[in-house]
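One structure is given below, represented as structure tokens, and several questions about it will come after.
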Amino acid sequence: MSIKNMTEEKNWSGQKLVSTDYLLFEAPREKHFMTGSEVLKEAIKRCTVDASVSYPITPQSEAAHLIGELWAEGYVGLYFRGENEFGVMSEVQGCAMAGARTVTTTSGPGTLRAMENFPTWSGTRIPCQLVLMARGINSPLTIQPDNLEVSFLLETGCMIWYAENVQELFDMSIAAFTVAEKPDVHVPIITAVDGFFVSHTRESVMLPADDIALHPYDPYASPLPPIDSEMPPGRFLRDPFVMKSNYISYATHASWQWEVRSAVERSKPYARHYLQGLVHTTGDEDAEIVFVACGTATHQAKEAHRELAKLGIKSKVVKLRTIRPFPHQELLEATKNAKYIFVPEFNIVGWLDKEVTQSLYGKTEAKIVGRPRVAGGMSMPAEAILREVFENTNVKGA
Amino acid sequence: MAKDSIKIRMPALGGQGAVTAAHIAATAADTVGYFAVSNPFFGAEKRMAPSESYTRIGTVPIYDRGEVIYPDIVMIYHPQVITMGKSYTMPFYAGIKENGLVIINSDTDLLTEVDRNYLESINVKVLTRDFTKFAIDIAGTELATNMAMLGALFGALGTIDKPAIEEGIKDRFLKKYTASGGTATLDSVIEKKFKKKMDLIEKNLETASAAYDLTAAWAKEVDLAPILLPVSDVETA
Amino acid sequence: MSVDIYKINPEFRDIMPQEIIDLEDNATWAGESVEKRGINDLTDKKEILEEHSLCAGCPEAAALRYILAALPLPEETIIVNSTGCTSLMFPHIALHTVHSMFGNQNAVASGIKRTLDWRFPDKTKDVVVLAGDGATIDIGLDYTLQSFFRQEKITTICFDNEVYANTGGQESGSTPKGQVFKMAPKGKVFDKVPMWELAVTSGCQYSVKLTASAPKKVAKVLREAVLIARELGPTYIHLYTPCILEIGLAANEGLWEMKEQDKDRFADFKYVSPEAEAYLKECKKEGLL
């Protein structure tokens, strides 16, 4: 396998190159039955990925193995196991800086071990993708689904999208490369799913054929020159200019942080197109009871919505698909008739509740209830959500 | 009254193949046109330690994820789940819904008076059979116990036929499949045992089929009410 | 690509300061034989490194010049560095350089090298890591050694000044036993970490310990290390560049200190794997050395 096998029409593994629009919206699809880990392999297979670095940690290990198989099968350019997550994310940074479309995966404690890398990623404007299969954080030791770690990532300057199920993981991880690589965006993207609930759950999913793939990444359409000695070196950022202590360097650092965050905001129009909206709503449009959630919590809220409907009670589920950038405008629009907003979450701190509350501050009359919150790997049966609804509203349950 | 979606909990011991069975059950249900989802318990399962898996089947889209807290059906793969409490939920039927079903793989009746009274009070039917012996008699190995349990489940449900089970089994053993280290090792043990893959599939099918007939007959005998709506009720988009 | 990327755009030439024009006109890398680059260029080639922001008389600055002058293929060389005194020099260099974080320099370099090999299968691209003893041996030991285990084709240079100098003079793993520094107010209690030996047992094809007292020797070692890394696997250079400030020497005493240590803690250590030995012979035949 060599990059030299690539032509205008085909990538190095012989897949026909197609547009993201074709791959996501137009190519005929067939039904398959698979887990989130397996579907990520299918997505990466169709993305003309140059590089991937892996490290074992439950629950993302299977997905990382499968990307390795793609390398063995000739779809991914280079792949190896790094020494630990801090090393892996640094290796990913090296790959992406040198001009590779790069993907990696991690979970829970691995995310935190690698933490210093994430703001460095965004600061260096690399468009790599981290597929985060969220898991709890120690101590005590846990490997269970719990997305507390996402709260640590919120201010890293990386984009964060949240997929609800196996199908969304497939579509999002393809769109993620495309949006992250837009020259006016060009920041890293974290595609999050709840570990196990998506990674290890087997369900039906519609996939396009695997003989088509995205066009390769063009590192020369980057706002910063790739580190490949093919371009004049970029002097201002990847060097520690701040080591020259003066007001210019302070101002540069400050404005660069603004620029990274502006770049994340500039992804919105692209994300609206490729994700078909930053939020998706289901249920009764004029409902007074609104569930705002992301990931698996949305699924659980949909079960609750269905149970409420059986009781003749209207409700609506607002699924946030991007967390960074945060869809303020869409959220406000989707909750304008709400009297009660529930934010069910799979973590103890209620980071999404904080985001929603802050976003709607002074703009809504609705009572915002940041519950139920389940953590440590517990399930969130619809019954738990219904109980919150009956306790916090004047609607009557059976 | 038959339901538009049911949840099945399968407490087992690591190595018995409950995760595989849940996977095949969901695949079979998906094959005939149901909405179906399967997942394992999210833990670091070890051989002979508690291991649990779940299948959800419905005529409506299934959103619910994770462990099944309120099951319609509980399938006990090993007596030790009950006798030694090798289970994530105690008692083993915790959370079971009215009009449900419990299938227990055991050569002796393991229910206490308290268990029996409670389950009767909510109209839950219990079937206890030695499905391990069943597997040894038909397939020649206790490793096919999960197939017997699978057949038993579908015999009791009556809405997913044998060809679908065959599809599920073939899908699992003929496709390249992602499995953890332990499962992959057991797969190769099973494969060596049967020499040829088709032989393996054949024996597994025979086991599942015989168990299917057994529970189908039992369901009639005890007048088990339909648990799951027929696939003809599936919502079409 | 070529050295053209380091040339001034002709459209801007008329507004460029003479200094910048000199950089190009007087550069060592264009055209003529690359093999002839070397220490002799130091006196009159501006692009090697005219200014630096280190302390006056700092041996690190001199050592970096020797290294830049000796790189066999500077226009295709990427230098990955780390936080510390060395990171102060890199904004002054016209090569592709990356400031990693602190300690992860060999991991970043691994990603870069592998990607360049993937993207440019027909080209030679050299990746050189240059970091201090804190970055290489303390906080980054895992990443340094793991890159050796993985046989990454990169050259790792440790500028060992035996102290955390940039943060104000704290003890490092490389500080000699007994030395009193900050964070070791009673003196360091364990021995200097023999990184050059760890490099050998961890799989380096080439590991050399020396001081920067003799420019030509540094240049020769650097050139050998880069050539071997290109073909065979990881190479390691452990170079003494004393912190004259922290050990209380004057600006003109660095060289004297290095010469002293040539006979002591930095007495010659050189390991060359049999494969590397054979390869160096070939290089000599081809005039690369």
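List of remarks:
Lettered A, B and C in written order, each chain numbered from 1.
The rule is simple: a residue touches a chain if its C-beta (ideal position, glycine included) is under 8 Å from a C-beta of that chain, and two chains touch if they have at least 3 such contacts.
Quantities reported herein were computed from a predicted structural model and do not represent experimental measurements.
Relative to the centroid of all protein Cα atoms, the closest per-chain Cα centroid is that of A. Seen from the C-alpha centroid of subunit C, the farthest chain centroid is that of B. Rounded to whole angstrom, the centroid-to-centroid distance between subunit A and subunit C, based on C-alpha atoms, equals 39 Å. Chain geometry summary: the mean Cα position of subunit B and that of subunit C are 63 Å apart. Chain geometry summary: the mean Cα position of subunit A and that of subunit B are 34 Å apart. In the complex of the two chains, the subunit A residues touching subunit B come out as 33, 35, 37-38, 58-59, 62, 65-66, 143-145, 194-198, 200-204, 296, 299-300, 302-303, 306, 377-383. Listing the residues of subunit B that touch subunit A in their complex gives 23, 26-27, 30, 35-40, 42-44, 60, 62-70, 171, 178, 180. Within the complex, the subunit C residues that touch subunit A are 1, 5-6, 53, 75-78, 80, 83, 87-88, 90-91, 94-101, 104, 107-122, 125, 142-143, 146, 150. Touching subunit C in their complex are the following residues of subunit A: 2-4, 50-51, 53, 77-78, 80, 82-84, 86-88, 90-100, 102, 116-117, 120, 227-233, 235, 238-241, 243-244.
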